[in-house]
Amino acid sequence: MAAITPYTYIQCPCSDSSTLGRSSDTNSSRADGADDDDDRTFDPRAPRSNYSLYPLEYLLYCEDCHQIRCPRCVAEEIVTYYCPNCLFEVPSSNLKSEGNRCTRSCFQCPICIGPLAVTSVETKPDPSLLAAPDNTAAPQSGPYALTCSYCNWSSTEVGIKFDKPNGIHAQLSKLRNGGTARLTAKERKERRRDPSYRSSAATEQGDGRSGSDEKLDLETQFANLKSFYQSQLADPNASDGGLAALSDLGFSSPTSLSRIMSIYTGGSLHDKKAKLRVGAIREALEVDEGLQLADLDESAAIAQLHSEGHDGTASTSRLSDQPPNFGEAHLHGRSRFVSELRPIPYLLRTKRSKRCPVCRHIISKPEAKVQTTRFRIRLVAGSYIPSIAIRPLSLSSGSGTSASGSAGIPGALLEPLKPAHYLLTFTNPIFESIKVTLGAPAKTPGRFASKVTVLCPEFEIDANTDVWDEALKDPSGAGELRDRERERERRRHKGEEGGNVSNNNNQLEVGKIWERGRNWVSIVVEVVPAWLRLEHGTEEQRLREDEDLLEIPMFVRVEWEAEAVGDEVGAVVGRDKEAREKRELAYWCVLGLGRIRH
Amino acid sequence: MSLRRPPRGEYIETDTGNKVARKATLVGTQNIMLGGKTVIQPEVMIRGDLVRTIQASSQSGATPNSTAVAIGRYCFLSRGCCLRPPGRLYKGAFTYMPLRMGDHVFVGPGSVVQAASIGSHVHIGAKVVIGEFAIIKDYVRILDGTVVPPNMVIPNFSIVAGQPARLIGEVPEGGHEAFELRDLYKTVGNNPQPAPS
Amino acid sequence: MSSKRHSILPPVSSSGPKPPVHFSSSITIADSALLTGTHPIAIHSESVVHPRAKLDSLAGRITIGRRCIIHERSTLGAVGTSGKITEAAVTLGDYVTVEVGAAIEAGETVIGEGTVVGVGARVGAGAVVGKHCTLTPHSEIAAGEVVPDLTVVYSNGMRRTDKREVAELKNKGIARQIDVLRRMIPSNPAKFA
Amino acid sequence: MSAPTGSAPLPHRTVANIRSPPGAGHHQSGPSTPIRHIPSNFGSPSSLRADEEILIIEIGTRKLQVGFSGDPAPRGCVWFCPDQQRRVGDFRDWQTDYRYDWRSAAAGGLWGRDHELWQYDVRGVNLGLVGDKIERALGEAFTKYLLIDSRPRRMVWVLPSALPIPVLSAALDSVFSRFQSPTISLLSSPLALAVGAGVRSALVIDLGWSETVVTSVYEYREVDSKRSIRGGRMLVEHTHKLLAKNLPETQGGPDGKDKYVVSFEECSDITTRMVWCKPRPRSASGQPSSDALATVQEQDEGELEDRPVSRRTGSVTVPIRSWLSPTSLELPFDALAEPCEDAFFESQYSPTSFDDHELPLHLLVYRSLLQLPVDVRALCMSRIIFTGGCSNVLGLRGRIFDEVSHLIQERGWDPVRGKGVDQLRCNPKLRKRDARQAGDGPTGVMSPPGEGEEQDGVWHDAANMIPEIDFIDEQLQRATDRRPRVQGTLRPIESLGAWSGASLVTHLKALAIATIDREGWLQHGAAGASKPSDADYKTQRQSLGPGGLMRGSAAGSAWTLGVWGAT
């Protein structure tokens, strides 16, 4: 795999297992080394690390607790529900009643999950030519079908057509694959009340599907069972007692196997209502009560499998994209053949605001309307903790601007055992000058230890001036930039002859800053990449994924003086509690430098 | 194929600050609107000649303008990408519809865009294909090699990828600034400035 | 009006020999299309060749059927893996659409009627693509491969069969599209004659 | 904790108001909150306020299903897979140049392990990682499918009863510390399945991923459970064997020393799509039903070879992408039934050659039935529930059913009453003998087919003499003597599935097996568990009696986690 542009991941302090109220977990987390106190080195490759590392832009910051907040440790609140296809804002009340998917006409293709468009079947048009965005330009004449303009799937392939070009969701819920009608929940209830319909209803639910016609579909069986159980309860509304016989569950356990162990103290939410009336209910005995005999003869399906072969079956990924199909009984509503797939109503999406879990302050809050991108509150970590830019010192720097992910350093692999130098540029976003202390292990953890030397582990960065007057005094700023660039050029040339970069004004000497700017400081880190050779006899004969990746864990401690805000929370943050003025932030981060040749 | 730096400057810099490479292919310039400060790199192709032939009142207001491609400010069209208006049958006849693009839109090298509209602060990676009449909202990131199928709608703050495109993530709160293209604008032109570190 | 005044069309290296052409009178070919090669290039009635489309007959004859649309930047007859000269390099049936940046390599390569070669798709040398197929953008057909009629190639090489039976409608649509294009694209067959 | 200060703008305040106050979870929706009766409206989770929505979460080895109590089916299902275990913001799976190198992922015998949440063998399981996986999966499920925010909600977990305590507590740790749910109730899947089928007793055959578990549920009690490692994973392994066998030899290279030639993802996909199970071969008419099992099977093997070929000629092509070079494999359709045979039946070997942990499924089922008390057996055998991922393998359920009924026909149950247990103990010896003198004449238990049923019918009444059942049974008489319960005959029934069952249970406000209070857990955790010295079957029985309420509830909480006992 091609070499990567250098990157930085930050570990949110919240995943320090001590801050989690984990009682029994500590030992295990120590075992895998993902546990990170200052003294122990953090291993980026430990399996748990992937769950605690974040790019800077994913992190928020609580101004009151003066602490980083990651997606894991914020409390979210939903501001808006909307359909990602028609961008319709769904009121939360509808959400309760109509579920988590768009109930208008927004569907995804069950084959390729591209968007489906409503097209007229009579004048079968090519959707890519006719279909309008958002299905608004409905074709003239019915019947209609859902067609995919990417893979050309059409709902007619599973025998589904619609009478109206709108309200597809409602129409679809009444249709089985193959086009046979299906009763909605309400209709079914009405039928149940009216016994004369029973037989007809049963048959109607049965047809259009292989297997016995007796089969209840998932939703019906559930409904029947529920009403059966409820009917069995002496007084369904009496909250206490509940489904009395089921309360046996509370005591069931394979004691016969004597596999009992521990008792958990702590109240059960059912304690108060455990009034036991054993035997108040009997078993379900017939279909109307939800009893469903299994039909184990699947020879028909096997024959179909044989005839249709691999192409006739749906891949597991397709199946997992399918919404639960209440209309089918077998395989608990899971389908197997492509002919059983159904159009996928778009899952709704949400806009969410975020709170600090500790002080409950809102740290991110988007405007409610779907179309707007403004935020009322947006406290991102990037404007509170220094950002780290990495660039190789001896290579020609392409300085990947964040806007274009494609631009980056030319993908050069690191040579094993050959010292390489990287320039770490720390930029201070806040308006006080900060003191940065870096701690990195001399050897990277893992099977292949690369040597790491941070030449200047301790330095100060001047305060940030307002971003805008920087932008305004463009010429000077640009001038400064150009100078720096020329300087770099010069250094680069030096750098090329004979790998190491030692010259007059910028010595590679320990404890010395490489370069300093208005609100940034760049230092040099020297790495000696490990030799990725696998000793034979190890049970693993090959590199694991990313083991050729040179990632150095680095513990960053940022200290600064801030005017005292009279709230405890702020002072408590950091290790030393005595100085109210003093603020401190400490966290692990991972610098990905590049891949090592192997 | 093109020289590093032709003598008279690689770019034509307009008074509104657009930087148009001499090696870019703009067909039907009179139908191409540039908002200013937009960079068009070499070998970019824009089909301004494919104008709407039916002035439908239903679509995008009845203003009978002949704009085929409208591009906002600080857009960056990378080398070799292609912008062309989407076309379809409308009321029995075929017509092209305008392609509208907001501000700070980055179009990666080799990408082909036939969307109906692209919002602001959109990052389109390299070798991306955006199908006809796709609607892309703001702060959307489309990873390299993605194929956005026709008519797809991509809401704000989406990260999409795949063939066909599917939602794979959301742009985090801290990721908005990354869409800003002012700095990138400075790095190209006849006297480019280095990007700030 | 000539779109030249209204366009920035940097000159392209029109290197290579000028191929003999057999154009139907009713075709539309942009003046900035590129035709090179030594073998004949035949374009039948009402087909449209967009600007900057490249037809290269070095490796053999190129035949384009009726009412085909060759979009900009597509290459027909690009000398593919097999650099050998063949009798017919590329043959397009009627109603074939070759979208932006698609490449069809030379060497007895055949594209069936009504097939759409999607944006940036590649058809390898000697491949035979059936009728009314759809090659979605960026899909690749290996050299020498035979793709049956009505095949849809999508999502990195997955295959399925198009069951919509919309062939004739698509053709109608293409016809209408051509009606518009021939008004928009100033045709200059003479330049290539 | 400090309340929101005035610094926050108004809109924020409004939101703040609908928020429950800090840590409200514990106080406001405490244990005693009565659950409002939910109107039977199917599409909807409930018309309840957020804090009253109860989440049903079924956690399996490979996937996690979530939804709201009262729904007929889960809203979403999250599979555990590698790309879910990447760092946030790592989209490499979607980069065009990136190909998931399954070989390096599979290194060290980890083939497919990154698709599993846990292993039942807790040695070497990274418990913290289990917690992380569950947390992330739940997070995804909440955001993507349930569309709920992090307001406190009660949860009901449906778990396999074999889940080891350490894993369970790791999961609880992670969820309690990351999500604000005030309580988590636990429910074992066999019980949920029984409820979901509308029966009080059942024989639940869970054809799961890591193992197959046969659990006998009697009157909503798990009275017995037997397990065999023959599960989905083994099936996929065998599918891989099949593919590897049919693929050309991998030419040297680093792949030479690889155990696997095809990626797990592809194998499991092919397994789900294409693998099927042959019906039980009819034994030749002349065959005396009492013949030793081994011989019968060998005979059938012979038939298996030739018969189907005549029936199912033709072959299927299976595309293989993850091999050295993408190719497509031509396989006879019958070959696709082999993995099933090898993984679940292995009929070619004599029953004695299996350890208890690797019994073929039909033997497993038969044995679990055999060792049940007759009346329990009578009920269970006519309420057989198939579940688990492998129950989707076409024909497998029918095959197992036929095999079992064949076994019963052959051997029946021990006619002598009360010897059921002895029968089981001496059974292996018995069968060894069979195996040795395979073929020569009837051995073992002679019992004409069908006899078993009647006997059961008879004995069921006798069952009243078994003391423990006494109480329940008399209770049952009241409710059920109107119609006799079906019993004694083998009968498969369809369950809605564990998730839906749990949804019913919760919706109907029945007891869960255990309900763990958040604060309690965070304080004590697993350590806080007191020894179950006092808790024994007696107390359980009494608690059912009238007035046993407090003791009952105590026992209830005491017994609850017993199901998930592990050493």
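Should a chain be cited, it is by its letter among A, B, C and D, assigned in written order, with residues numbered from 1 in that chain.
As a working rule, a contact is a pair of C-beta atoms (placed from the backbone, for glycine too) under 8 Å apart; a residue touches a chain by one contact, two chains touch by 3 or more.
In this text, all values refer to a predicted model and were calculated from it rather than measured experimentally.
**Student:** Going by the stated contact rule, which chains contact subunit A and subunit D alike?
**Tutor:** Looking at subunit D and subunit A together, the chains touching each of them are B.
**Student:** When contacts are scored as defined above, which chain pair ends up with more C-beta pairs, B-C or B-D?
**Tutor:** Here the pair linked by more C-beta pairs in contact is B-C.
**Student:** Can you give the whole-Å distance between the Cα centres of subunit B and subunit C?
**Tutor:** Computed from C-alpha means, the inter-chain centre distance equals 25 Å.
**Student:** Where the centres are mean C-alpha positions, what is the separation of subunit C from subunit D, in Å?
**Tutor:** Taking the average C-alpha coordinate of subunit C and of subunit D, the gap between them is 57 Å.
**Student:** So how far apart, in whole Å, are subunit B and subunit D when each is placed at the average of its C-alpha atoms?
**Tutor:** Centre-to-centre distance between subunit B and subunit D: 52 Å.
**Student:** Distance between subunit A and subunit C based on Cα centroids, please, to the nearest Å.
**Tutor:** 43
**Student:** Which residues of subunit B are in contact with two or more other chains?
**Tutor:** 89, 94, 127, 131, 144-145, 147, 162, 164, 172
**Student:** Could you tell me which residues belong to subunit C and also touch two or more other chains?
**Tutor:** Residues 136, 154-155, 173, 177 of subunit C each touch two or more of the other chains.
**Student:** Could you check subunit A for residues that touch two or more other chains and list them?
**Tutor:** Touching at least two other chains: 55, 57-58, 71, 112, 125, 129-130, 150-151.
**Student:** All pairs of touching chains?
**Tutor:** A-B, A-C, A-D, B-C, B-D
**Student:** Would you tell me which residues of subunit C are touching subunit B in their complex?
**Tutor:** The touching residues are 3, 6-10, 32, 51-52, 72-73, 100-101, 118-120, 136-138, 154-156, 173, 176-177, 179-180, 183-185.
**Student:** In their complex, what parts of subunit B are in touch with subunit D?
**Tutor:** Counting only subunit B, the residues touching subunit D are 127, 143-146, 159, 161-162, 168-169, 172.
**Student:** For the complex, give me every residue of subunit C touching subunit A.
**Tutor:** Residues 134, 136, 152, 154-155, 158-160, 162-166, 169-170, 173, 177 of subunit C touch subunit A in their complex.
**Student:** Inside the complex, what are the residues of subunit B that reach subunit C?
**Tutor:** These residues of subunit B touch subunit C: 20, 22-30, 45, 47-51, 53, 82, 84, 87, 89, 92-96, 110, 112, 127, 129, 131, 145, 147, 162-164.
**Student:** Report the residues of subunit A in contact with subunit B in the complex, numbered from low to high.
**Tutor:** Interface residues on subunit A, with respect to subunit B: 55-60, 71, 82, 84-87, 112-115, 117, 125, 127-134, 137, 148-151, 349, 354, 364, 370-371, 373, 375, 378, 380-382, 389, 391, 399, 401-406, 425, 427, 471, 478, 481-482, 484-485, 520, 522.
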